[in-house]
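Below, subunit A partners subunit B and then partners subunit C, in two separate complexes.
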Partner chain A sequence: MNTNNWMRKFWWKAMAIVLMLFTIVMGMLATVPTLPILNETIRNLYYHVPMWFGMTLLLLIGMIYSIRFLRSGKMDHDILAAAFTKAGVLFGICGITTGMVWAQFTWGVFWNNDPKENAAAVGLLLYFAYFVLRNSIDDLDKRARVSAVANIIFYFIFIPVIFIVPRLTDSLHPGNGGNPGFNAYDLDSNMRMVFYPAIIGWTLLGAWIATLIARVEILNREFHFSLNNFSRE
Partner chain B sequence: MNFSRSVWFLIKKDLLIEWRQRYAFNGILLYLASVVFLIYVSFIELNPEMWLTLFWIVMLFTSVNAVAKSFLQEGRARWLYYYSIASPYAIIVAKMIYNLLLMLILCIVGLIIYSLVLGNPLIHPYYFFLVVILGSFSFSLTFTLMSAIASKAGNSAMIMPILSFPIIVPVLLLLVKLSFEALYIGALEWPIKDFLLLISLDVVMLILAMLLFPFLWRD
Partner chain C sequence: MKKIISFFLLQIIALNVFAQRPETNVDMADVMRSNGKIYVVIAVLLTIFAALVLFLISQEWRLKRMEKKLNEHILNSKNNQ
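After this line comes the complex of A and B, so read on.
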């Protein structure tokens, strides 16, 4: 492999590593504004909030691959769609866990019947159902087609669930019900310096995980395919 | 055959099948009555908020069961025949309209049984009736599409509820919020914004169904 090609494939992974190191080090060490109740838990902004950005973006990429699969019928598109959705769900699980730990230290309970927590849980249930549906179909062609249709529908339901439903009621969550949200922290340029790189870094990391999942799946299929051919000979 | 004529024939065909196998519809009605009775014996008395919420839960379970069979009861060979004589759009629209009729009957009968057994705390019954009709509209749209997907999967009896329950949550939350309005004493305040939100969710579901159903049936 020549250097040029290698660079082209690797630059965004290098960027993910650098940004993640920056996020972890600066997220723990940089100065943050001292606010009542929140105190040092405000640092969760660098680890919890990017999870939701990352999840929404990864699921969006998965949905786009599902559309591309329906248009092209290429199996690789289906594998990529499933891989990006898997990575998105992984981010969702991390997001809900970091949120629960944060809630324990600020609201006093892990689960506070907060509309955002509930919406996130519903979103995860949707995508778990997607995987159960996917695995319940044995025929690879049919599995790809049905799960692509389901993935597109779920994305268009997932977005109203996480963006509209929490706005129907009041919430303790920062940014809702009179609590300071992003805008209050935006005044602090120190936090912004870490927050934006954190979003990009986490999302790149998620995309990296997704491509790894897809590559393993493609190798698996090739392996089984060659095994089948071998046994026939 | 043009579009509206084939939709009409498909609905007529479904109604005929339903009439010939009355046990399926009677079974759903009995299911509804049993669940309502179960609620009655376990609660005896309900406060108005719980009355409303439980009504929607009962309707949710009943409609998932009622609609689930819409793509399952007919065999593969017969589907192949339908697809060769009608467009996929006609098939999904016909199924949706048929399920809407089914849901309307179920919701009205359900409301009657429910209020007979558990009393009726509503201040604005006509308003609530409107919300119930809107609710059956949303339920039939969403569950028809979900049953089309579930019918393609193995073990569809289990897949149908796990696909349907999370997907109906925003609709259910809106319906419960809208119907709470029917409990408040005094003049009715129309929550126009929530109505529009509910209708726009229905429109999204309808568009998705029309765009994606043609991909589902190709076997």
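After this line comes the complex of A and C, so read on.
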């Protein structure tokens, strides 16, 4: 087992902590545009939106590890793919929950079957199916191969479902159905200054969680191999 | 790293420059901020975040210990064979 790779390094985790502290403090204190209906909830841009950005990036990393597994056959890559997907889905659940709270206070209901909400729910269900599929196969090699292929397919279904389909119809969500994207308030340079660090910070935090999941899994597997007196390296 | 951190620290200074708000009738949490109570919210958030980070770091250390132990075990069993 390689104990000195990027997963065990601390500098990028320190960066996550610094960026998150910045996001928490400045997200509350920095000036924001005064807009009707949104009022102070516009600050959710620093917490709700990075959930989806982070989810997309974490799932992308998971998908890349699935491709790497198919090319290399290394079980570590399979474990990392599943771990990053898991962290991504965690972010997605947080994103949809926070989105519901935000919708309640700006659109009036927790769930109004908005195309964006429904598409996000479908996207999440897709990844729940991924984990059901993955855990239903007992043979480790077969599980790794099948779930790698499924992960790649699901990612390329997930992206259009969550980003393109809602844009084709009317939606209350910004950036969809003729609504201006972030343009209405993202032009504000005050918001950008917190928004971009927030995205990086949240994503790094998600990556940290993903590597912890992966390391537990790798350790678990190595432990079983060493019990069977079966050296891997 | 130093460059990145100092970059964001400089941004905090720059934010004060934009600390003007046009007067409108839109309800913002001005009262909360004038009372200074927004800092209570920040304190709560920072406490939760600190607990979260401490938890992650403790898991980190635990994993590191176990990884080391297992590596030593594998090495020992190889030498004994």
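Just so it is clear, the second predicted complex is superposed on the first by the 213 of 233 C-alpha atoms of A that agree within 3 Å, B and C clash if a C-alpha of one lies under 4 Å from a C-alpha of the other, contacts with A are read in each partner's own complex, and residues count from 1 in each chain.
Quick note on the criterion: a contact is a pair of C-beta atoms (placed from the backbone, for glycine too) under 8 Å apart; a residue touches a chain by one contact, two chains touch by 3 or more.
Only a predicted model underlies this, so the values are computations on that prediction, with no experimental measurement involved.
By the touch criterion defined above, A:Arg68 lies against neither subunit B nor subunit C after alignment on the C-alpha atoms of chain A.
In the superposition on chain A, contact of A:Arg8 is made with subunit C only, not with subunit B. By the touch criterion defined above, A:Pro197 lies against subunit C but remains apart from subunit B after alignment on the C-alpha atoms of chain A.
Contacts of A:Ser136 after superposition: subunit B is touched, whereas subunit C is not reached. With both complexes placed on chain A, subunit A has more residues touched by C than by the other of subunit B and subunit C.
Contact with subunit C, but none with subunit B, is seen for A:Phe22 once the two complexes are overlaid on the shared chain. Shared-chain residue A:Leu212: touches subunit C; no touch with subunit B. Of the two partner chains, neither subunit B nor subunit C is touched by A:Arg221.
Every residue of subunit C that touches subunit A in the complex is listed here, in rising order: 1, 4-5, 8, 11-12, 14-15, 18-22, 24, 26-29, 38, 41-42, 45-46, 49, 53, 56, 59-60, 63-64, 66-68, 70-71, 73-74, 77-78.
Interface residues of subunit A facing subunit B in the complex, by the touch rule stated above, are 70, 122-123, 125-126, 129, 132-133, 136-138, 142, 145-146, 148-150, 152-154, 156-157, 160-161, 164-165, 168.
Those residues of subunit B whose C-beta lies close enough to touch subunit A in the complex are 145, 149-150, 152-155, 159, 162-163, 165-167, 169-170, 173-174, 177, 194, 197, 201, 204, 208, 212, 215-216, 218-219. The part of subunit A that touches subunit C in the complex is made up of residues 1, 3, 8, 11, 13-15, 17-22, 24-26, 28-32, 34-36, 39-40, 189-190, 193, 197, 208-209, 212, 215-216, 219, 222-223, 226, 229, 231.
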